[in-house]
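Single-structure report; data block below.
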């Protein structure tokens, strides 16, 4: 479906030629539009509840810059895995974008995000896990969920975590981010009753095998109700958490 | 905490010596009781919303039978990974238990389960994935969520799946179960907007490496909002799905 | 066999001292000639139907340049995995060569390629897979098969792919290129009846393990008729596809 | 789509209410029918050119027997990975079926298979690879391709293979089956110009790692035009080979 | 060195021809004696402080029985990984031996073990880890260290563990035994200051990969002072713990 | 607990308002204080007997410098995995720190370390293992244990090791550091009776797989009483060794 | 080449029609003969210096029995990996064969083996490695090399090995067989100057990963001149050792 | 043993105070001397027949330079894995050294090498394997064996190899060097009867997994008499080959 077709459909809805219900049905099944070198799912906000998302790794600063300038009139944008050079270029061509260096994200908020009730708690084992946590935080923010980070509560100092349990119990969904042995997911899972999304990180060395150790640890967690996303995938964990948070509203 | 202590606490609550709110607080932090060779978290229903759960593998029929007879007066029970011999023995000593041979589960329902609104859809790629699906189904049932299985809609015949999309969109949470390449999670993830819990199965041979292929495929899924549990872990997926479903009620 | 011997054989054929049939028989079993630091199978066009192929990785720009200048009078050349520096050098010493930066290839077309009937469709899951697709495209072109790329039709947006199915059904062979979970091969395999060559790519991170995830996914594909080549091996996939395409002419 | 719907469509075609072209279009996109515990793609012969195929592993003899008795009136059947017990049961309930113990297959030929031109050569490295070769042979036979086995020509005795090269060059497609180091695919690939489908087998011990060694060896083959299927997957290799052979007819 | 030579040396020491100090020096460097199909380090008690140890796996009941009958006059014996059949045979030929079915050990105590001060705490995550714990317990007992098991205190119910912390702090060395994600080692390591020997177990399924998950988790533990032995190696952990305990006496 | 709370507690102890015994009890269970971007366990010296430890990898020179300047008044500091740039910066802002380039450590000794009796021997297979050995050496020094390095006594020249056995027997604990096949741990374990902590290193190439080979070799060591820490983890080995050494004092 | 052709060639040599030198040349390049279900390289003794060798695993007792009865008139035979049932059957049909239960071999000696000078020493780390050592011993014997086993000299008791060094130095080639960490190869390699063939065995558990640990350890051995064969491959090690021993005669 | 002690021993032998036989015995068991930061086995030429060998990786140019200047008066030297910078520095401080850039070696020949009879053939699959071959060549040269390289005879062009078989049969030992699938070792092993040392190389990409594919392929080779060294270990293969070649002289 071309961009024109989409426009016509929306005009038809506006003009009453197509009922909203019917229009929503059609939109839900519409694929994408082709804006040049990349295809975008303009209707994705309807289908998945997401703004446009750009995975920065493997793209040139120019490519990402062009997406921001061309798409930025239609939709909010979240770019992840953004290098310093990429951020610099995008901010030059699209000064309204915001850069979170710690989380390696760029965001553009054309339409104010409508926040739902409920909060997502993002828990990290150590300070080295913060980039993944920040990526998750920005993703939650762009997808309309309140979120906050509880940092540096790894299991080797269990007291730090126990002090924060009450805070965690107030969240609707919990994202647990940990590298090395990834034990934090199991411990949190035994202390709270909320759904938990676990994110293994590549933090560690030697037998960490770039996050494999934490990944296996989280998958074999003895705590029930823990599910896992890819290594370092703060974005994916936030997507899953927001979809869950949306249910409760 | 001993069983007696638990009893006293509950009596105190009954007698008004402890407010319900305070009692709930204490119970949430109470550990377990020791009934002999195994320790049970009697307060787990409060903390996690779960009945007592027994993982059958590595236990003898006699051990499981004893748990059913001793615990069966206090609580509902769900036993998973139950062998045929184990089931036969337990049904003899605890005739009220029910055996699901396909799902390798034994259940005992002392207190009628209270069902919440919302349904969980359990989708499988092939008929060989059914044991895992049945385990998930029984787990949902015991945890108070309606669930149903959509079977044999693997991606090699994408039409089968597309026919069922409307049905899937009515569920609040979707569990996707697939072996071999595990691609079903990605495809379903691109078609619906609900939270998805993916379960890789050990179905396959050769380069399936006992489920590793499906596991990696689901973890690296290009669809957002998919989180993953351990290979063949239908129970864990259902736990996660029910916790999510509970949020929406 | 030396280059001279080859020359004499061809002269003998020309002069009628050796029949064409006999000459072809001898040529088919002749090995190679030694042009200095590298040996070339001059008769390879007869045996395999291929032009001279150079794998650029691990060679110096000078070595590749020398091959172009010395071999370029006898035969067409396809060089793959060509770095920017290598391309620059070769274009300087052999200005007739063409550089495809996206596909990291250099080609030299001394003799116009004779194209066969039938077309090869090259399908990619995402834009990051394009370098592999371009390498496959140039290889097809040099081996005498028409080919075209269908880009960015990954399974997380299945509609994009379904829209292109009719186009795919017109091809004689399909090359499917995908990283991450590699599910595209299974889905395409369920939609069309042509032979499919699947190419896993190293696109992804974490549990992608540099393409291992996609590789295992494609090998265990539930779709029949899918065969697989090495990670990122667009060249090899095109070789296989062209050999297949040649059969139908 | 139910079985009835299929019947009606075919009757409509017969009665001229639906043109053949239109009917073929509809059939191509029709999904499957549900005969009880398993769903079958009745139109699969049209879409993929295949008879009904049953993967025996993980099914009970009774389940497979029921498929043979219920489906056997409509279509030819090929069952793979059939155990001795399963074969015995099926032959009792469906005496027209044929059992190939070496290849672990059961076949039922209701409609005589129409053979295409061209032959597929199935080459094995050792006698231990024969079960996989026989599975491939029966699959070719049921899919309408002539095929024959060239056995025990492993690379450690290269003379055996060289003696058979002329025979291999007469085939249109070659399936190479080898365990241990899987080198046969590379050597055959260097001797002939046909498309080659390589099947690693789990033959070997120790560092063979159940076929991993042969799988990696075939994927990294230095011969171009070799593509690979899953370990021990004689059926899949034959499917790919037959699809290729079909192109040439 | 033969058995005779050992005897003569000991006689010389007894008769004053060799001083005790000199004799000890020589003994420390003496190798072994050859009693037939197996060689024994008779001086091992001096060098390593250990009784004779037999690893039962891969030996026949008869072989183990012969060792008990022939060695049992000279030394205490500890046999591990003893099958039921093996135990039955040994008890028949050597009725003084004791069988611990849970720990799969056989012990023979000719000389009363002299216990040192200090206790070793053996902590397990779940009841399935008990066989490894029992093996460690019997090993400690035979090597002269008091030990006791703290069972079923896995991290998913952190309260159970916290209740036992005071008890753990009284031990001189702690052995932590856990399967699945092995997180217990990290949590205990953060709560106590004693040396910790961690034993991963093969308890679990799927991504546990027969103990690999727990092994990696323990090796990458964020708690300092944790060292690790082989999967299921209760014996080795006890050896290490006893050597440590010996230092403190 | 905030830094203030800690101060108040210590003042109360000083002023006699809290007994030492009670104060120690409270401190043991106190968690940490939050000095800005990083949280520190100020009471860790009490609980674990350790100074403050900083893992340099993944931190900026400025972050580490700030820790040294702010924490350096309260406690001794050990920083590991310190790059040359990081060391240069820290020495500028905290001139009292000492840099060990070979061991990649920075140390700050505000309070003189009190050394216990007993020595730790650090044995390395080759000179390439020295950075790990130096890290262990500095860690021992900061934790109050005498230690010395026995270098370059790999098993391929067993005589070198045998010459040093008497020296090793005088140590209370032995740390064995080796890459490649890691055999040194087994050989030392057979020669001495002390507890042994083995450290696999990433020294080697090819089948060393970045230390995996040495890691597996040490875990499966046929010598009893050997326990293992993560690859290249000289710090962790020293922690374990010092905890053990502390027992004997 | 058929059996007849071979016979004729040998008769021609006998009758002087073909010189021995020419005959040997032809034989060296002759492939094999086909005696039914298996092909044999009758000239292999000439080319490789080997008797006929049968790998028993995966063959039926009947198949092996037939080879012994049909081939046993022409040549000596060595069968490896022979099960008890297979041995029983072969001894019944070919009573001249000899069974070595420990080494799982069957041998038939029609022509007395001519022994060369020089001896091969076969060294094992433990008694569990004996089956592999016995397989190597019988292979050496059938290939014409004297050999003997030095058993149970693992590195954890280095004195046992040092006592035997003089004996090892008298051998021309040394085969070192070890499981677990496989360190014996490195230690022997540092003590002697002969060529060493190392055989990792699958002896061990847990992190031995079925011999992977020993395999990696031997490949990364710090001793020079060590080369390695497949896990448990006593036969292959003996082949290599005999080829080496042959050089010296 | 210090350098002085060695000198004295040699003087004693010279002066007749120690017989040659006795002196050789002592020397064989003497360990090493300590020249500063590295220890050298001065007697290694006697024990192993090797010159001093330096593994350059992980050493600084200065360290290697010092070894050349200090050791270079006593012995021949072979340095492997030498970087360009290292070579430049060493040649400056020790102008008599020779640099082989292709093989990354530095050699110093103080005493003319005495060559033994017999030649070692070094066979490579492709030109990318040449660095490993050159390292092997220089090692052979320094150890006293004639050697030559047969290059670029990979199995995908089997004719190239067959042309060289006669040449290979003249060697006493054959080193086969190949990356990717490593099939060359099997094919050569089937064509010749000499001992074969196989060297897998890290040449390749994707499923080559840095040489793992070739390593596994060579270990599971169906040709007997092939033994394997570490990935890219041309030095080790040459050591093994020279030890074998020495036997035949």
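The letters A, B, C, D, E, F, G and H name the chains in turn, as written, and every chain counts its residues from 1.
Basically, a contact is a pair of C-beta atoms (placed from the backbone, for glycine too) under 8 Å apart; a residue touches a chain by one contact, two chains touch by 3 or more.
Note that the coordinates shown come from a computational prediction; the quantities given were computed from them, not determined experimentally.
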Inset, instruction - From subunit A, count the fewest steps through touching chains until subunit H is reached. - result: 2
Legend entry - Fraction-based call for subunit D against subunit B, same above half, different below: different
Legend entry - Interface copy of B-C among E-F, D-H or B-D, judged by whether over half of the contact pairs recur: D-H
Inset, instruction - Quick one: report the Å distance separating subunit A from subunit F, using the average Cα coordinate of each chain. - result: 38
Inset, instruction - List the centre-to-centre spacing of subunit A and subunit D in whole Å, with centres computed as mean CA coordinates. - result: 44
Legend entry - Between subunit E and subunit D, distance of the C-alpha-averaged centres to the nearest whole Å: 54
Inset, instruction - Can you check how far apart subunit F and subunit G are, centre to centre, with Cα atoms defining each centre and the answer in Å? - result: 49
Inset, instruction - For subunit C, jot down the residues that touch at least 2 other chains. - result: 157, 206-208, 215, 219-220, 224, 230
Inset, instruction - By the touch definition up top, name every chain pair that qualifies. - result: A-B, A-C, A-E, A-F, B-C, B-D, B-E, C-D, C-H, D-G, D-H, E-F, E-G, F-G, F-H, G-H
Legend entry - Contacting residues of subunit D [partner subunit H, same complex]: 125-126, 154-158, 162, 180-183, 186-187, 189-191, 204, 206-209, 212-214, 216-224
Legend entry - Contacting residues of subunit G [partner subunit H, same complex]: 47-50, 53, 118, 172-173, 193-197, 215, 219-220, 224-231, 235-237, 239-240, 242-245, 247-248
Inset, instruction - Spell out the part of subunit H that touches subunit C in their complex, as residue ranges. - result: 127-128, 152, 157, 159-160, 163, 203, 205-208
Inset, instruction - Would you pull the subunit B residues touching subunit E in the complex into a rising list? - result: 29-32, 37-39, 41, 57-59, 200, 202, 210-211, 215, 230-233
